[in-house]
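In what comes next, chain A is part of two complexes: it sits with chain B in the first one and with chain C in the second one.
Right, the complex of A and B next:
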């Protein structure tokens, strides 16, 4: 029981919900960039929500099945095809042994999640099957997939219908990324703070699993200071600190970087704030050059948004169990 | 208000995390307070505790907001701070080999020029440093060592240089680090180490524990090649 990779796409990796618990050693949480879509894909094929799936970026892989299975593709609109015939996204469909799954051009979003009944059964490393390519850890041999790879499948269950459009979630245009102003907000002037939230930014080409860089907004003005002992001399430098997932750092005050699932765990650039967990999935679906705004929220609003996101996942779960 | 080791500031940095700040400048008392709280928390976690990440002068505490909240988390952390101070275990001393061969130390000459020392004096100063592991950060196994002598402290480079090989011994300010991956760095490359930082042991994946003391021992190129 396996899937064979005929063509890998641009960068296709095995991901599950991630590898928490090792950040103190510099090992990031990894896992799907859009975990809402990853969970939904698993639910559709009858897997545990935490099963490992394939995360494809911008371009789909071509896959051959050695066994009959149920498949679902969620996340960005990357139209799946079985032996050349198009299948819907966000909906379970069957494949037979020998069938080939390929994809059309990406219509929207950035990342598609390809779940197969039984889950991708690569070895668990430090508690997760997720691939962390920089550290050559987890997934299939710690790397993005290549033509000729064969991935084992677990024991699968039955498929479960479709997720209707009103229960799906994707970024708006511009994407609105809610941010809790953070630790070093006081380092920038009040005017710079206002401008930061007023500007429409664009995703820079440097946008990957480590972090998303944004450009096009006005450079930040800093409040003058004497650099604290142990920090660098740039006004954006701090004494090296830990970065939570979602941290917004602005090296030299020019281009904000939102740290994502394969983030560096700490460093010497000030964090302007933290993107709330509920909106990190949206970032995973942004293509380079797409517009985005940062929206200021309070801690209470962030907690409410987290609750809403869990309720959205529960609605998908309830719908599919009906 | 500035945080101090005896009066830390608790910052709700994310909807699922609190950052405990014991100071804002590199300071041993603040770092000791970080390690004490990290250890006390490991010994007495609270319901919903997920993970703690120590840095130089602050500790990141992540929790599950479905189980607990910021107020409860901060109250628990405060109670740990006021509890009887736990004695820290004796730190281990780790030896790290370093080869300063010019081919493996692309910035040694520049560091010498900028500090007004000879390359030999830079090497002697680096070997004389009293190093301790302050934190893991940035990438897997990147153990931040504090203790670079004053004479060779330089600001970071203006821009990072890409594709610096694993094993590079790099310095910036009071910090030193032995890299474990091919990564960019804006620090100064003064040598290369064959010492394996990655242990392949899942229970303890890296050589150092935070708090360990570290001593560098100089080796020649032949010994470096043999040790690889």
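Right, the complex of A and C next:
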């Protein structure tokens, strides 16, 4: 019981809900960037929501099944095909042994989640099957998939159903990324702070599982200071500190970088604040050059948004169990 | 020293012990994170000490952010009063300074450097007022370093030089970060040295390489079978300059999985260190060399 990789796509990795507990060693949580889509894909094929799936970015892989299974593709709009015939996204469909799954061109979003009944059964490393490519840890041999790889499948259950469009979640246009200011926000001037939220930014080509860079807004003005010992001379430098997931660092005050699931755990650039947990999924679906705005929220608003997202997942769960 | 707390979104509390680096700030950060660990607070999922700050990640569905903040603040008094003594390890890291691999890499990224006509070591020697690269290597390797943070990428140690502040080597980071750094490069930025555990991007000046693995995700290396990352905050490191021949011999031993690093158990008292830096370091060297 396995899937064979005929062509890997651009960068396809095995991901689950991640590897908490090792950030203090510089090993990030990893796991699907769009966890809403990852959970939905697993629900559709009858898996535990935390089972390992394939995360494909921008371009789908080509896969052959050695066994009959149920498959679902969620997340970005990457149309699946079985032996060349198109299948719907956000809907469970069966495959037979010998069937080939391929994909058309990406229509929207950035990442697709391909769940197979039984889950991708690569070895568990530090409690997770997620791939952390920078540290060559987890997934299949610690790396993105290559042609010729064979991935074992777990024992599958039965899956069925579809997630209707009104229950899905994706970024708007421009994407609105809610941020709680804090951390080193006091390093920039009040004027620069206003401008940061007023500007419309664009996703830069340097956007990956570690972090998303944004361009096109005005450079930030810093409050003058004498550099603290050990920080470095640039006004954006701090004594190397921990970086929260979702934190927004701005090296030299020019291009904000939002750290994501494969975050570097710390470093020496000031952070303006943190994207709230509810909006991390949305970042994973942004393509380079797409517009985005940062929206200021309070901690209470962040917690309310967190509950809204949990409710959205619960609605999918309820819908599929009916 | 009063700790500045800030919410990092809805899942993190970030705490800055001090804006500037010092061993006092590091020890406060370490005793705070140890206290948080011992308290076993429900909902806390990650506890990360850093150089002069720390971070706690939590699940706000299990503990209210405000409640966790108050709990952390209540620990501050005890942490700053706690005795700055550590049971720790001292280890020797062989370094092949001026190696061909970091040299090849630094030449590729010369346009991102402050001084495109010099090597990173030549630049580092000049900005620290040292006459030659040899003098700089001597200053870098003669006294031990303290691991004040592990992170950035898997198992990477940040190291703080155990000398008086006026003797500490300081070198700016590259003007723009490189997209490539050889694995196991000894780097330096600001007042910190580091060992790049994996190949990848980096902005620190590059001085040399160590043959000694410090991170093994496959847990095959004899001394990395239990823990895939060698370093822990509080470890003490002594660099040992080695020749190309020694480097090649060490690599051969590493490949045969016969390389054994010199690591000794020891203790460290910040009070004793501040009273007599040279004397404390001399004692550490005795422990390292088994005398």
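Note that the second predicted complex is superposed on the first by the 322 of 322 C-alpha atoms of A that agree within 3 Å, B and C clash if a C-alpha of one lies under 4 Å from a C-alpha of the other, contacts with A are read in each partner's own complex, and residues count from 1 in each chain.
Here, a contact is a pair of C-beta atoms (placed from the backbone, for glycine too) under 8 Å apart; a residue touches a chain by one contact, two chains touch by 3 or more.
Keep in mind the model is a prediction, meaning the values are calculated, not measured.
**Q** Superposed on chain A, are chain B and chain C clashing or fitting side by side?
**A** clash
**Q** I'd like to know which partner A:10 touches here: chain B for first, chain C for second, both or neither.
**A** So A:10 meets neither chain B nor chain C here.
**Q** Touching A:302, do we find chain B (first), chain C (second), both, or neither?
**A** It touches chain B and chain C both.
**Q** Touching A:314 in the superposition: chain B (first), chain C (second), both, neither?
**A** Neither partner.
**Q** Scan A:124 for contacts with chain B and chain C and give back first, second, both or neither.
**A** Touch partners of A:124: none, neither chain B nor chain C.
**Q** Touch check for A:219: first (chain B), second (chain C), both, or neither?
**A** After superposing on A, A:219 lies clear of both chain B and chain C.
**Q** A:147 contacts which: chain B (first), chain C (second), both, neither?
**A** Neither: A:147 stays clear of chain B and chain C.
**Q** Residues on chain A in contact with chain B in one complex and with chain C in the other?
**A** In chain A, residues 20-21, 23-27, 125-126, 132, 134-135, 137, 180, 182-183, 228-233, 237-242, 244-246, 264-268, 271, 274, 276-277, 299, 302-303, 306, 310 are touched by chain B and also by chain C.
**Q** For a test of understanding, state which residues of chain A touch chain C in their complex under the given definition.
**A** Residues in contact with chain C: 20-21, 23-27, 125-126, 132, 134-138, 142, 179-180, 182-183, 228-233, 237-242, 244-247, 264-268, 271, 273-278, 299, 302-303, 306, 310.
**Q** Touching chain B in the complex: which residues of chain A?
**A** The touching residues are 20-27, 125-126, 132, 134-135, 137, 180, 182-183, 228-233, 237-242, 244-246, 264-268, 271, 274, 276-277, 299, 302-303, 305-306, 310.
**Q** Which positions of chain C touch chain A when the two form their complex?
**A** Result: residues 6-12, 14, 16, 18-22, 45-55, 57, 60-61, 65, 149-156, 158, 160, 165, 172-173, 189-192, 197-198, 200, 215, 217, 228-229 of chain C touch chain A.
**Q** Looking at the complex, which residues from chain B come into contact with chain A?
**A** Residue positions touching the partner: 11-17, 19, 24-27, 50-60, 62, 65-66, 69-70, 135-142, 144, 155-156, 172-175, 181, 183, 202, 205-206, 210.
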